[in-house]
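Dropping the structure in here first, questions after.
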Amino acid sequence: MDPLLFLTQALNGLQLGIMLFLLAAGLTLVFGIMNLVNLAHGSLYMVGAYLMAAFQGWTGSFVLGLLLAVPATLVVGVLVELIVLRRLYDRDHLDQVLATFGLILFFNELVRVIWGPAALFVSIPKALEGTVVIVPGAPYPIYRLAIIVVGLAVAGFLSWLVTRTRTGALIRAGAANRTMVAALGIDIGLLFTLVFGLGAALAGLAGAMAAPLLSVESGMGDGVLILTFVVIVIGGVGSIRGAFVAAVLVGVVDTVGRAFLPILLREIFNRSVANAAGPALASMLIYLLMAAILAFRPRGLFSVRNG
Amino acid sequence: MARLDRPLIAVLVVFGLLALVPVYAVAFQQPFYLSLFARVMIFALAAISLDLVLGFGGMVSFGHAAYLGVGAYAVGILAYHGVDSALVQWGVAILASALVALFVGAISLRTSGMYFIMITLAFAQMLYYLAVSLKAYGGDDGLPILKRGSLGPINLASNVQLYYLILGFLALFLYLGHRVVRSRFGRVLEGAKWNERRTIALGIAPYRYRLVAFVLSGTVCGLAGALLATLTTFVSPSYMAWTRSGEIIVMVVLGGISTLTGPVIGAVVLLILEEILAKLTIHWMLILGPILVLVVLFARRGLWGWIVGRHG
Amino acid sequence: MVEPLLEVTGVVKRFGGIAASDGVDLAVATGECHALIGPNGAGKTTLIAEIAGELSPDAGRIVFDGKDITKEPAPRRPRLGLARSFQITCLIPSFTALENASLALQAHQGHSFRFWRDARRDSSLRDPARGVLARVGLEDRADIPVGELAHGEQRALEIGLALALEPRLLLLDEPMAGMGPADAARMVGLLEGLKGHVSILLVEHDMDAVFRLADRVSVLVYGKVIASGRPEDVRADPEVRRAYLGEEG
């Protein structure tokens, strides 16, 4: 096994994990505090990517594009919350699933209507192009490193917000016991909108940063949404710390697994079996991981709910 | 003897109309309607199976398309390797989906609420990616089936005969479903849905009943998948797309959750609606999305409730 | 010395920093009606939940009929002879009274893996279910959905479901909660009729009912039993008066 390849893949896994964390952090709070199953979170990720492409196109600047796309996604998120999601807080999960499923279909088509069915491309800013040598013999793309840095900074900010501010205390309390927080006279509606807005901004940031790496197209949020679910299930609903640990775990296991499992299988089995089974097993890896963790901790690693 | 009341009349009308479709299709030389309604009935079967766990069991399974896929791929893979007997193909499809449902259910049912929803979705997605990665069986492009299996005296190559066979299966499982939900088993399932705490206090452990319901549901859905593969002579990972799971849930809720017959209506309406909307505009999803949201927000009893009024 | 039917020893249950059960010792003899009283928040419902198996104690033992049931899961306990009623009515809301009773009988008769026969027309369920309803005075209300039953009728059905399980020990958590005097008197009459046939652990605030029904009384305060004995002895105990009866004035 090539240690340099392993390092590169591990970093890729970390980068994927950071992206998943940005999505999972907001969504796990929405699940935990508002008890709302929101399938449309992936759509906000997609909207963030599309807005990034649009704003970068108009302004010609990556930074401006980012600075405009994230707040714009927040606005879209808040609008969705006010118009649709507000009415779902008291409904059962089935209704929430159906309504937000409808939103996915709507947004997937909406972006096609506005920007056409062809994929959009966002270019990496000049300053972040190219690679940097972290370890001799292992050049690593600067842009991906930048994503990791930004993601860790956001994680740090969230950690500060949640543990050292009054708002954060409310958020933690709400995630642990919603009814109690409402009973204490806190304006629950405002708290909900705030939490949702935060989640939307994080999703938009993830989408905007991912835009140069992937093709921006309709439905790009769907696969990532399900990965986010896996992260939240493993991490525990309502826990940001759980979201971070689980996201990095999922990102690294998935990336490293896909890279090395086929190689590993080739050592044990003959080539044809390994070539057939390798990619298949690699694609199932994180789900099997999820199943294994659930066998011991049905509520995830860091579950906080108790009310 | 069942009284001739509104629900029964409605069921007879629906099946009567379905039985007349081949007559119309042959007489007016519109074979498209034959395959359309055959597909509708297959999804109706899938929807009935989902209603057992979703409506009566209270389990929001967002991964039922996986069983469609497993059943379909069982048929496809066997056909690819030269196994021509439909009985064997469908038998393996049923067995395979039962085993998958057992595995998924055994793990997922240890959780509840939003965990359950996300986990069933995740497992279905796992199977989707598995199918995509099976290059030997077509991967993303899917796997064509050269010809439909053989079923003794019944000629499955005949679209009309296959149609009536599917209709027969639909009627059979609708009937069996009604028996199951009215049985002692069905009462426990419903009781646990409405008040799990009370059910446990009476000395019933809900997990095992829910698991059995889940396996029964997955098995029937697997049969629907096998029929789908036989009908279309094609299998593809898209049968297991998570949006497909969402569609089946929509059929159940639109038709009338917890009614078994409602989902049949739901399947008919949703698939016909998709056909009509697709002809109006290529952006029909833009319309269907909000329609769904509005149905959920405002229409609580589904179409079946509207059809049979308070007698249902 | 006859073994008690139920023996609770040193049971502890903590929620965060608070001990709802702080070393509870309690014994219920066969055939007796044993009342458990105490101020609000003393941990009475927690204790019932622990005996019924809904909550698992952090420490201590629960022995029923000579068998250590501390680790037995909740659904198994009715089969061992324990049945409980809930403080806050806990019925199947969309079922009728008869259907609730039938479900209890289904549970009592064994497993319910029967898929063919219509349970509503099954006379081996329906007839005994009517009997259960008759025992608690609800035979005329059989086909009423429980949501439409009066509060007193719902409380009576709670008892009925527990009785349907033919238990050796009834765990009754405030059966008279929220009842007016007429309903409460009916309930007391019902419970008096049960005395001797089935052992009862009765949590109640209604002191008249307690002193009419109970053979022995235990007083639970801050998760500990501070006194246990005959009703008149407990009533006279100065510590009890201070902790509990004194507060009631």
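The chains carry the letters A, B and C, assigned in the order they are written, with residues numbered from 1 in each.
Just so it is clear, a residue touches a chain if its C-beta (ideal position, glycine included) is under 8 Å from a C-beta of that chain, and two chains touch if they have at least 3 such contacts.
Just so you know, these numbers come straight off a predicted model, no measurement behind them.
S.K.: Going by C-alpha centres, which chain is most central here?
M.R.: B
S.K.: Count the touching C-beta pairs: is A-B or B-C ahead?
M.R.: Counting C-beta pairs in contact for A-B and B-C gives the edge to A-B.
S.K.: Compare the CA centroid of chain C with every other chain's and tell me the farthest one.
M.R.: Centre of mass proxy via C-alpha means gives A as farthest from chain C.
S.K.: Roughly how many whole angstrom separate the Cα centroids of chain A and chain C?
M.R.: Centres of chain A and chain C (C-alpha means) sit 49 Å apart.
S.K.: Using mean CA coordinates as chain centres, what's the gap between chain A and chain B in Å?
M.R.: From the centre of chain A to the centre of chain B is 31 Å.
S.K.: Taking each chain's centre as its mean C-alpha position, how far apart are chain B and chain C in Å?
M.R.: Here the centre of chain C sits 44 Å away from the centre of chain B.
S.K.: Taking the touch rule as given, give the residues of chain B at its contact with chain A in the complex, in rising order.
M.R.: It comes out as residues 54, 60, 62, 107, 110-111, 113-115, 117-119, 121-123, 125-126, 129-130, 132-136, 242-243, 246, 249-250, 253, 257, 283, 285-286, 288-293, 295-297.
S.K.: Show me the residue ranges of chain A that touch chain B in the complex, using the header's touch definition.
M.R.: Chain A residues touching chain B: 31, 35, 37, 84, 87, 91, 93-95, 97-99, 101-110, 112-113, 222-223, 226, 229-230, 232-233, 237, 276, 279-280, 282-284, 287-288, 290-291, 294-295, 298-300.
S.K.: Going by the contact rule at the top, pick out the chain B residues touching chain C in the complex.
M.R.: Residue list for chain B touching chain C: 179-180, 182-188, 190-191, 194-195, 197-205, 209, 212.
S.K.: So in the complex, which bits of chain C are touching chain B?
M.R.: Per the stated touch rule, the residues are 52, 54, 73-79, 83-84, 86, 90-95, 99, 102-104, 106-108, 112-120, 122, 125, 161, 165.
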